[in-house]
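One chain, chain A, links the two complexes that follow: it is found with chain B in the first and with chain C in the second.
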Partner chain A sequence: MTMRNQVAVLMRKAPYGSVYTAEGFRSIMGVGVFEMDVRVIFIDDGVYALVKGQDPAGLDMKSLGDGFPMLPDFGITKFYVHDHSLAERGLTPDDLVMDVEEVDGNAVARLLAESGTVLPF
Partner chain B sequence: MKIGVLVLEGPYQHQAADSAYHFTKAALARGHEIVGIFLYTDGVNNGNRFIKPPGERNIAQMWDELGAQGIDIVACTACAKFRGFTRDLMVDHVQLSGLGSLAEYMQTADRFVTFGD
Partner chain C sequence: MLYMVNKSPLMHKNLETCLRIAPSEEPILLYEDGVYAVAPGAKAESLVTKALQSHPIYALKADLEARGLQRCIEGVEVIDYDGFVALVEEHDVVPWL
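Moving on, here comes the complex of A and B:
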């Protein structure tokens, strides 16, 4: 697997106020099938996409909290959450719908530097 | 250098589409190769053949002319469906294709540059 096949999908925004997180989710599925090594990084308001108990039914939308935990079944297994972004929002890993690796800012920078491509959502 | 371009915004609302266009032109002028331009999410609106801005730059036409020069410009098929686009509503030199094209551009480019909000 060369660096060109490594893509970091960056989830930066709150899950339902705009299309970005939902489309980021679709892009993971979409490019993942084309021999891309995908790592998913949740940072800033993007961490809300992983919080337990999301119910966007009132918006007539599907819960992204149900979607992300399904990704390992499709071979997407690298998930990272920015520790400071979690703490800033009063959240801990126990509040999240799946096991993700907590990483600090330096580790996020390293992950981005190691990825051939970054898709920022 | 081989460069891939991703556009995440439509025309006029934000500067992203203009910036992507001017970046592409400048890169070509410097002798770089553009492996492809992927119009994603609202970015697909850049290819609307009925764009007719009174007295202003026509961004769809700008992309069309770039495509006519042989630059590969692809709009996301699924995003087009979400926005009511069919092939015949797009300018001649913007094609509809799936995320496989995005993956291909990422895999063939030395640098991959995203323009968004």
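Moving on, here comes the complex of A and C:
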């Protein structure tokens, strides 16, 4: 059933190559402030946003990998990562900066179907 | 010619189509999201390994570090900004955007 106050934030882009990941992060913070039920889903190149050891000093940028683990302090606690997207990038949950729930494609579709709003990044 | 690719190999076909066109021995430079191609164990690994048999492949260090890519497929040469400038000085450039 669709819940009007549930928001799914769909993170599909790699960090640093575009503004999407940083803008997605800001949107998650914004939605969280209004105490809505936020689910953050990392899929496709979006899983790269959570890879450990990001150091963008050479690009004169801030590490996005440092930002996501701080979100639970702001009440955002539901994070999902698509298992197939991790696997095809040679990654495992141990390579990520935080604990996230690994889900398959059907579970991703279910999360999206349950949400009243999908914010795509 | 120096062929330059800046798109992720799992979301875009840029590297694949570039490699179809680039003549043997021509250098390939991976930068921005293009550097994800050199991650060992990812789906693009066989494409890069095969390409290394006929092309020198370079990856930009600052872009690797930003993305947390600590390991590279063997044979890929990691270059810094000075190396980037040297390559661009030495070759005419084909940006494969």
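Quick notes on this one:
Here, the second predicted complex is superposed on the first by the 119 of 121 C-alpha atoms of A that agree within 3 Å, B and C clash if a C-alpha of one lies under 4 Å from a C-alpha of the other, contacts with A are read in each partner's own complex, and residues count from 1 in each chain.
FYI, contacts are C-beta pairs under 8 Å (C-beta built on N, C-alpha and C of every residue); 3 or more make two chains touch, one makes a residue touch a chain.
Remember, predicted model here, so these are calculated numbers, not experimental data.
Of the two partner chains placed by the overlay, only chain B lies in contact with A:119; chain C stays clear of it.
Set against each other, chain B and chain C touch different numbers of residues in chain A, with C touching more.
By the touch criterion defined above, A:45 reaches chain C but does not reach chain B.
By the touch criterion defined above, A:23 reaches chain B but does not reach chain C. Contacts of A:15 after superposition: chain C is touched, whereas chain B is not reached. Judged by the touch definition given at the top, the superposed model places A:72 against neither chain B nor chain C. Residue overlap on chain A between the chain B contacts of one complex and the chain C contacts of the other is empty.
Residues 6-8, 10-11, 32-33, 36, 39-43, 45, 61-63, 65-68, 70 of chain C are the ones that touch chain A when the two sit in their complex. Of all the residues in chain B, the ones that touch chain A in their complex are 4, 6, 8, 40-42, 78-79, 98-100, 102-104, 106-109, 112, 114, 116. Those residues of chain A that touch chain C in the complex are listed here as 13-17, 44-45, 48, 51-59, 61, 65, 88-91.
For chain A in complex with chain B, the touching residues are 4-5, 7, 19-20, 23, 26-27, 30-31, 34-36, 116-120.
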